[in-house]
Structure formats: C-alpha cells, structure tokens
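Here's a structure for you.
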Amino acid sequence: MFSVNVRDHMMIAHSFTGEMFGPAQRLHGATYVVDATFAGPRLDGDGVLVDIGRASTVLGEVLERLNYRNLDDEDDFAGQNTSTEMLARVVADRLMSRVHAGDLGAGASTLEKIVVTLHESHVAWASFERVMSPQ
Amino acid sequence: MFSVNVRDHMMIAHSFTGEMFGPAQRLHGATYVVDATFAGPRLDGDGVLVDIGRASTVLGEVLERLNYRNLDDEDDFAGQNTSTEMLARVVADRLMSRVHAGDLGAGASTLEKIVVTLHESHVAWASFERVMSPQ
Amino acid sequence: MFSVNVRDHMMIAHSFTGEMFGPAQRLHGATYVVDATFAGPRLDGDGVLVDIGRASTVLGEVLERLNYRNLDDEDDFAGQNTSTEMLARVVADRLMSRVHAGDLGAGASTLEKIVVTLHESHVAWASFERVMSPQ
Amino acid sequence: MFSVNVRDHMMIAHSFTGEMFGPAQRLHGATYVVDATFAGPRLDGDGVLVDIGRASTVLGEVLERLNYRNLDDEDDFAGQNTSTEMLARVVADRLMSRVHAGDLGAGASTLEKIVVTLHESHVAWASFERVMSPQ
Amino acid sequence: MFSVNVRDHMMIAHSFTGEMFGPAQRLHGATYVVDATFAGPRLDGDGVLVDIGRASTVLGEVLERLNYRNLDDEDDFAGQNTSTEMLARVVADRLMSRVHAGDLGAGASTLEKIVVTLHESHVAWASFERVMSPQ
Amino acid sequence: MFSVNVRDHMMIAHSFTGEMFGPAQRLHGATYVVDATFAGPRLDGDGVLVDIGRASTVLGEVLERLNYRNLDDEDDFAGQNTSTEMLARVVADRLMSRVHAGDLGAGASTLEKIVVTLHESHVAWASFERVMSPQ
C-alpha cells in the first residue's frame, strides 16, 4: 500500500458547549496544522499515487473555506462542537468529494483511504480515517 | 475511525542485559517523549472521541509512576529488559486499565484501540498497539 | 553565556484592523506554541541558570491569563493589533516582571536577556528579545 | 502489535518525465529523511522486536547505495519516474531482503510488516507498506 | 528587538569540487527547508514588524529562481561550491535587495538584520546573518 | 556571519543534589539531542565554513565519551550537578579543544563562536555559547 501526504494549515476561532470543556467554553481559537494522507495500492502510468502538487492545491482549497473564520458563525456547524476530531472528518469528507469529482486526476480513482490529521498544538492532535466509498 | 492523540514525556535510568546491547549494558538513561493515541468509531454527545484535557491528565498520571526512576530497581520489571517497545506496551496496558475504570469518561467505552509510541531520540522510536479487550 | 528554554502553548481568538491583513481582518484564532528563553552568564550554587520546572510553571501562569480568550475583548490590548510579534513582547515583559519579583529564584537576578518566540504555524513565527532592565 | 522505527537520510538528484510534473521535469534533487518501521507481534528473548542499533546499520547500508547519486543514471530505475512513493517501495523491498537474509537477527523472522516513509520536505512525504512475504 | 520568521523550501541538484567532499563530489541533490528571519527594533503603525504574508510571498519568489534547478549549470555560481552556508548568503542577499526595493513595505526600512537558515536534513543546517546595509 | 550546525544525541543517567530538584534527586536519565553550531565570518577556499561531515564526526566523538554512562560515577563531574546547561558547556568546551587541535580543518581557525544546545525533551532545552579564545 502506498500513501502520499501533504501538509497545510488554517487558523480559526470557535467555542465549545458543555461544562466538561472548562475554559474552552469561552470564544478562543486554534491553528490547525493539517496533514492529508491519500492511500492506495497502485501507482499510475507516471509512477505516482497522486501528484503531490495537485494534492497540495486541493487541500489548500478545502482549507480556504474554513480558514480565518469564526466557526461558531458557520451554518455548516450549527449546533455542533467543532472539536478537532470532528473537523478532521469534515476535511476528509470534503477531500473525498474532490477525489470523486476527479480533481486529483484519473489515477486517484484507485485510492482506498484518506486520513486527515489536525495538529492543534505540539502536544495534541486528532485524526479521521475515511475508507473511500465506491464511486 | 477517529483518533485523539496526546503527548507527554518521562525521564528514566536503566541498563540492558545481553551482549547484543553493547555499551547500553551500562547504566544509562533516556527521555521518552510519549504519544498516546486513542481510536474509536464514534463521537459522543459532546462531539468528541475522548476529552483531550482528560486524556492528558490520565497519561501524565500513568507516566508519573515511571518518571524520574531507575527502572532496574522497579519490582514490576525484575528480570526483564525495559526496551522502548516493552515500555510502550506497559504504558498502553496501564492506559487501557484507566479506560476500563471509566477515567476517560463513559464515551470512551467505545474505544477500539490504544497506540503508545515512545520516542527515545530524534532518530529512533517504538510503538505498541493494543486492541481494546471487551469490557 | 548560558540559556534555558521552556515550551508551552495558548489558544486565542482575535481579528486585525487594516486592509493589509486581508482575510485576517475577520475574527479567527491561533494556537501559539510559546518558547521562553532565559539567558545569563552564570550558574548558581545548584549548578543551574534557572530551574526548568520553575520556569515552566511561571510561563504557564503567564500564558493562563491569555489562554482561551478573545483578545479583541481584552482591555490590555484595546486599539492594538495583537500581532504575533506584539504578543511575544507582552509575554516577555510579563516574564521579566516575574523574574524581578523573585519568582524564578534569587539566582535569576543575574539574567541578562529573555527571548520569547510564538510559533503560529509550522511555517511562521515571531520573537521578541528583551534585555533585562536593571533591578 | 509492536513496532520499532529508525530514521536516516539520503540526498539524490533526479528528473521526472511527464508534462504533469511542470518544473520538476528539470534536473533537480531532494533530501529524503527516511523512516523505516518494522512491525511484528512478539518480542524476542532479549525483550526487543529488532535491535535499534542493528536496524539503523541496515537502513544506512540500504540508503548508501542510493545516496549522493543522480538516479537518472541508475540502471535500476531506467525508464521509470523515481517518485517519492516509488522510492519508498524500493527501500522497503531492499529492507525486506535484508530481513530475509537474517541481517536483523533471528527474532526478525516474526516480522509482519515494513513501512518506509520518505519525507521530501516539511510539507510532503510518501510511504510504502510491505506486508512480509512468507520466508 | 523583534523578529518575524517565515519558512519555505526548494529542491536543487548540484555537485562539489574538492577531495574533502568524498561522495558529495558526485552529482546529487538536496531539499533545503529555508527559514528567513527579519529583525528590527520597531513595529509599524499596523503593529507588525513585517507582514508575514508579504514576507512569505517574497521568500517564495526568491526561492523560485533557484528551485528545481541543477545549480552546476547556473551562471551565477560558476566556479563555486554551492555549499549550504554559501546558498544561505545568496538567499539573504537577495532578500535584502527586495527589502531595499520596498517589496516588504515601507515599515521594513527599519530592519537591522536578516538571517537565512537552510536545513539540508534533520541533522544538518547552515545559516547566514546579514546586517542590513544603510539604504 | 556564517554558521554550520550538526545534530547528534546521547543517553545518560544521573541524579541531582538539592531539595529544589524534587523527584529529580532520584537516579533517573535523559536523552540529550545535541545541536552544535560553529560560527565564523569567512568561508574557506572550498566554499565552506567547516565541513559538515567532519563536524558530525567530531561531535560524535565528543559525545561518545559521555554516552551510555551514569554521570554520577564520572570523576569529571564529582560534586557537581550535571544540569542540562552545565553539560552544554562541557560539550562546547570539548568541541573548542578539538577545533584548536585542528580536527575541524585549518579553515576552522577563523571560527568565532560555538553554541551547543541540549534538548532534554520536546518542552525543555538549554544552551551554552562559547566565544572562541585566541589560539
């Protein structure tokens, strides 16, 4: 199994609902350093799984829709806590849609898995692993 | 599959028995930077897999029992080499006990896996992956 | 010249005023991974410049007053852009006050310099270096 | 499941064939920081999965045959793009041969998997996971 | 003294002349992860030393002229070894020219120092510090 | 001013004397990831400040005399706390002796400064900067 990984980041504000969250119930923010991993069994005719440049571009576009925003104001997340692991799923699912739309190239149709990891600090991070649905 | 990861460290002394270990047969020591990964399929009602703050606290407590010690003097490890991979298993098993005891919250009962990685330097590390036993 | 460095982090929300800032004019946030460096010419009777444990505690206390907050609502920063470099100065100055108050121990009176670096992502960071004022 | 990981690096020149690669069609180069992960279910009589020192030596020897070379001139890669993911497979397969030859010790015969990751920069890397063939 | 730092990278091929260089006399390559540090005593009216976004753009443009090239073929470096420390000076001097040209904004005229660090691997890097010449 | 930096590590045991040290009074240990920085104003005829390969070799030899040892048993440190900052000075001074002995090459005679940083964990490190004494 091959995998290709690209890294980017986004900077957002949000707050959490629930006593368990303590001071994180206040409006605060985070830089998420985001790793997107694309995994699959075969290289294409050019000898790559997915083009690293193209993967970086698509990841950047997905993050741009979240970047420099207060997530508490986003309709997409109304009534939900935008935890690190939940946001990892959001990014993974949006990347999967882009793969299905062909934006990572025809070779990407053999991808089996996308893993997205959001690093919220040097001591904490969360991931979501999405097995690719049949296209 | 979601995962949440927290990082901490411990500083221990030990020695190894066996000619293969060369100079590491002498009493020496290590800083282990410890990553604990908790993995499971579902977020709880608060939108998290496990609370990062709570996971950090429990990891710190597990490491405190090993930290600033000469492992050659610990009864728990009598007659064993406290290799990096063996210590990763010790930490993973102690974390599993804490999960079973409910110390990571009720939601943690759906966890499927704990992975513990001990980084002994910038060029070497070891892991142990524990599939959660039924509770 | 010796130096001792400790690392911690804080998670804040803020926005910037000024067209130059583009999308960063919107309310967003950041994780700042914070390195505090204490520098001086002499070790004390215990053989240390400052105690690493004590330095960590003081840094944590200084960051706690900023952590999990929307800096746009803080009186201390009214009318100012809380840029990474400006916040580095705030943290450095608050650490200097703590050194002057004796909170890093008597030996810390020989410190000559404090440098604070705030990492806002894996590709950008800013620092402020404060030469210690005479006590 | 246990794993042991060692890190080393190599510095190579190469070029890519295919319009998709844009400026990377020109002769250029890369430092690959290489992580080799050995995974298996059991520790041996010395309490280790594989000896970290021995694993480092073998990884260094495998990389030495690629290091400081222009891969465009290597017969082994004639007519192929030496993409990061393809090179990860080359290194993994050469490590597997060394395991089969007994160079990581008799205990290594229980290894189930080798994963090789090549970091080409701070924002991109690729991996290949080789399930060990029966010996 | 304030400083602002941005990171980018470039991937080049080259060879070295001189027996001392051993196997590095062969054509090989490197990824250089490049840190550019801009230092000065004063924040401008917007509360920044230099805009991080603008600094990133200028660094990217400077690196683009070197990226994906065989430096042995570049007229600028004819007859010279393109060592890591020598390339750090090249990047620093080109950044200084861009500052003098006003490309980092008017506020950048108070900058006193540029430091450029090129990381060639996880275990080696080199820097050049350029005190700004009077404009 | 140029600088060249190489990284290596050592693994030692030790204990501290003094109530301030709390649990670190017990015999424990540390991995020190060691960065050695050599700084000077001029490149030599080969276009380098010091050869990175040679610098790595010398750093490795200096660390070998400390590595895999219990520093409490070393005559060199009798009656002293082997704090991170004190050990940074020991390594810097031993490197300076090697430079003076010509082990980094004739060009190294123009070096002005050696800085040694010992990282004891992901959240703490200490440095010593030695201005080169006249030879």
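Residue numbering begins at 1 within each chain, and the chains themselves are lettered A, B, C, D, E and F in the order written.
Everything that follows uses one rule, which is that contacts are C-beta pairs under 8 Å (C-beta built on N, C-alpha and C of every residue); 3 or more make two chains touch, one makes a residue touch a chain.
None of these values were measured; they are calculated from a predicted model.
> Could you name all chains that are in contact with chain C and with chain D at the same time?
A, E
> Hey, what chains does chain A share as contacts with chain F?
Per touch definition, common to chain A and chain F: B, C.
> Return the chain whose centre of C-alpha atoms lies at maximal distance from the corresponding centre of chain E.
B
> So which chain is the furthest away from chain A, centre to centre on CA atoms?
F
> For the interfaces E-F and D-E, which has the higher count of C-beta pairs in contact?
D-E
> Matching C-E on over half of contact pairs, by residue number: which of D-E, B-F or C-F?
C-F
> I want to confirm something about chain C and chain F. Since they are copies of the same sequence, is their interface symmetric in residue numbering (over half shared, so same) or not (under half, so different)?
Different, since most residue numbers here occur in only one copy.
> Counting in whole Å, what is the centre-to-centre distance of chain A and chain B, each centre being its mean C-alpha position?
Centre-to-centre distance between chain A and chain B: 27 Å.
> Counting only Cα atoms for the centres, state how far chain A is from chain C in Å.
30
> Return the residues of chain D touching two or more other chains; collapse runs of consecutive numbers into ranges.
Each of 7, 120, 122-123 in chain D touches at least two other chains.
> Can you name the residues of chain A that touch chain C in the complex?
My answer: residues 7, 9, 11-14, 23-24, 26-33, 67-70, 120-123.
> Which positions of chain E touch chain C when the two form their complex?
It is residues 1-8, 43, 46-49, 51-54, 56, 105 of chain E that touch chain C.
> Which of the residues in chain E end up touching chain F in this complex?
16-18, 20-22, 80-86, 88-89, 120, 122-129
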